[in-house]
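Chains: A, B, C, D, E and F, in written order; residue numbering restarts at 1 for each.
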Amino acid sequence: MNSQRPLDRLFCFETKDSCVGILSGVEEFRRYPERMNKRILSSNNLGIKRFFALDTRAYEKGALDTKTKGMLDLVASMVLRCSDCIAYHVIRCVQEGVTDEEFFEALNVALVVGGSITIPHIRRAVEILDQCRDLQKKNKHPGL
Amino acid sequence: MNSQRPLDRLFCFETKDSCVGILSGVEEFRRYPERMNKRILSSNNLGIKRFFALDTRAYEKGALDTKTKGMLDLVASMVLRCSDCIAYHVIRCVQEGVTDEEFFEALNVALVVGGSITIPHIRRAVEILDQCRDLQKKNKHPGL
Amino acid sequence: MNSQRPLDRLFCFETKDSCVGILSGVEEFRRYPERMNKRILSSNNLGIKRFFALDTRAYEKGALDTKTKGMLDLVASMVLRCSDCIAYHVIRCVQEGVTDEEFFEALNVALVVGGSITIPHIRRAVEILDQCRDLQKKNKHPGL
Amino acid sequence: MNSQRPLDRLFCFETKDSCVGILSGVEEFRRYPERMNKRILSSNNLGIKRFFALDTRAYEKGALDTKTKGMLDLVASMVLRCSDCIAYHVIRCVQEGVTDEEFFEALNVALVVGGSITIPHIRRAVEILDQCRDLQKKNKHPGL
Amino acid sequence: MNSQRPLDRLFCFETKDSCVGILSGVEEFRRYPERMNKRILSSNNLGIKRFFALDTRAYEKGALDTKTKGMLDLVASMVLRCSDCIAYHVIRCVQEGVTDEEFFEALNVALVVGGSITIPHIRRAVEILDQCRDLQKKNKHPGL
Amino acid sequence: MNSQRPLDRLFCFETKDSCVGILSGVEEFRRYPERMNKRILSSNNLGIKRFFALDTRAYEKGALDTKTKGMLDLVASMVLRCSDCIAYHVIRCVQEGVTDEEFFEALNVALVVGGSITIPHIRRAVEILDQCRDLQKKNKHPGL
């Protein structure tokens, strides 16, 4: 079973009634980028289209597995302090099976390398992690 | 006819009824900075006042025209990932007559130089561009 | 009387009725970090715990007094453009007795070193400064 | 006659005797990247190869001419403070016919946006500009 | 056999005669930091001492192995564009057994996230990687 | 007696015989910027001239004394990781009478805020501090 699927379905097809309160931040994070990416790719700028394709491919399994790549992206986003990127990569890390212990060690690397200036983003990353874990605990998604 | 005027009027004197939905983000962006700039300049710090004056003058026509300067500022703001600066410079670029094709090429330069970490700001820039184009299409502002 | 106390009490024990309008931004800024810091420290990551301890100690009086350190932190946060860090350090500077003139000179250093890209953060810093001064003017807090 | 050619020939095929003193810094800048780029592209990483291709294409004429793109890249490199990138883009700007007045205005935009922290890189940019102008004055290269 | 040892010995106790040409850059990189770290730790600043200790501990095996952590640090250093940090982490990655394919994939993540502005640092990283591989090929160090 | 003078004389008029070994790095740091600043100001770009003037004025005594401002600049340069700026501000801090204890506390603030990525610049700052202290110990310069 594809590890990316369950959480994907979770975010996209979940009845609003049951988890909108928990998910609101995460959902909001997903809808806006999807809509804007579609708009951006509808322009005729070939360079941007190719960059988006490169970006997607950089996360695919190669010599490194997707879990390791997910953590590399998370740490890069943390030290560069990009909120939206962090939110995206936290969700991906959860989908790839990163445990809490692994997650906090990756955050610690980012904190030590990037300094206390990253702390607000560490808070945000942990908040999104907790939202994801709450969804997983509800146990509707055996694939995770 | 001064190219800066029409959009300026657009943002400032537009009846709320007709375009508040479209413009809300843009208007909000304009009102807060104007109020705070006035407050900051009311302090007696001469250095800050002079910096604000330098900042204004840097955008005026010289050996380079204001359209080129608008794009230089936009790309600088993109790679430094400053949301408010980007919003400001997108509006200025529209006022200076930057076409969509030129706009996306400038964004592509920023994306390639600055990497995928700039993508959230590219989304925001395109969103504001679209809001501006919507206003222009309504054709109330022949000056544009 | 400890200089950190009064404003601290101000933010924490104030009746909502009297100053929630003024303080909302500031309060919001305080509640979320406190809750998330507690959550983060509840994880078993020793490295993160020690970093948070180091961070706290770095602001304590040593060869440099806490007022000077407050301004060092403020300027560092300004040039690195971290909104939450700036809000935190503006409040601390007010608590340490930094005057408006000193405050604007520190902002000017940040503006000249970091450039116009810091202007949106200078606006935010001054907005929070003004909120703090409003509270001080109400004169409920003789400790300040 | 292709505008990129003359200066290119200048840097690569010039007899050492006549201009090594003037050019040393510039030549050094060119040889190392060329050698390392070849080495990097000899690896089998498709993503990196494609990125390098995207990077090259981003500078080609499209809706914006190469001179404008040269200045966009220069300003982006200045505010991100990348020495090697700045050296590369200064040479390209000279090849594209950017005048001294235009060059200093672009630097001014970078200085105001990026702050005094960019000054060391402005010095370096002007030093390389002067080396290029010296070569042009020797008038050996009619193509320029 | 400890994976960190062999390369360590290599860099420190190697007879100059046999590999100074190859190693010069790498050796230089090691000697200066070691000397300065000793000097810095000889000061009585407890905060700095504790930070250096935290920094060391962040790289030790925990929930994540040292190889994964080595790559996290490498990518963080790449996107933040710190030459000395990159040199240090490339050597550590080699010591941890990162293969060329894994190495280039990690660099690709950094390149896509951080943009073309990281290219000069990618060159430097590959140069140091090649120096390390040359030493390993000489096969004097069976531990590697 | 002007606190800026003695070290200034030290760096400029010292006989090469006695301290060139110690000072080489520092001298080199001073000559190049002075020469290039003169060249840059010889251009007719009014914006750049005014920025350089603003930069100079930002360091003058106002509500904050020049010693505090020296440390604000040092910490800003540290977290933004600009080698030349750091060298300049370390020398200025020495001239303003910053003690070693104060100096290391300011460095600690920069280290905690900016993270381990600043360590290479902390090494450089301490190296320059030591060069300055060596000169002061030779006791040729009673003004210090």
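The criterion applied here is as follows: a contact is a pair of C-beta atoms (placed from the backbone, for glycine too) under 8 Å apart; a residue touches a chain by one contact, two chains touch by 3 or more.
If you're wondering where the values come from, they're calculated on a predicted model, not measured in any experiment.
Comparing contact pairs by residue number, the interface of C-F is reproduced by A-E among A-D, B-E or A-E, since over half of the pairs coincide.
Taking D-E and C-E together, the pair of chains sharing more C-beta contacts is D-E.
Distance from the chain A centre to the chain C centre is 30 Å, each centre being the mean of its Cα atoms. Averaged Cα coordinates give chain A a centre that lies 43 Å from the centre of chain F. One finds 29 Å separating the Cα centroids of chain B and chain D.
Shared interface positions of chain B, i.e. residues touching 2 or more other chains, are given as 47, 51, 54-55, 58, 76-77, 79-80, 85, 101, 104-105, 108, 111-114, 116-117.
Chain contact topology: the protein chains form a complete graph, every chain touching every other one. Chain contact summary for the complex, chain E toward chain B: residues 79, 111-118.
Across the interface of their complex, chain D is touched by residues 81, 100-101, 104-105, 107-108, 111-112, 116-117, 119-120, 122-123, 126-127, 130 of chain E.
On chain B, the positions that touch chain F within their shared complex are 46-47, 50-51, 54, 57-58. Put simply, chain B touches chain C in their complex at residues 32-33, 36-37, 39-40, 43-45, 47-48, 51, 55, 76-77, 80, 82-85.
Residue ranges of chain D in contact with chain B, taken from their complex: 54-55, 58, 62-64, 68-69, 71-73, 75-77, 79-80, 85, 99, 101-102, 104-106, 108-110, 112-114.
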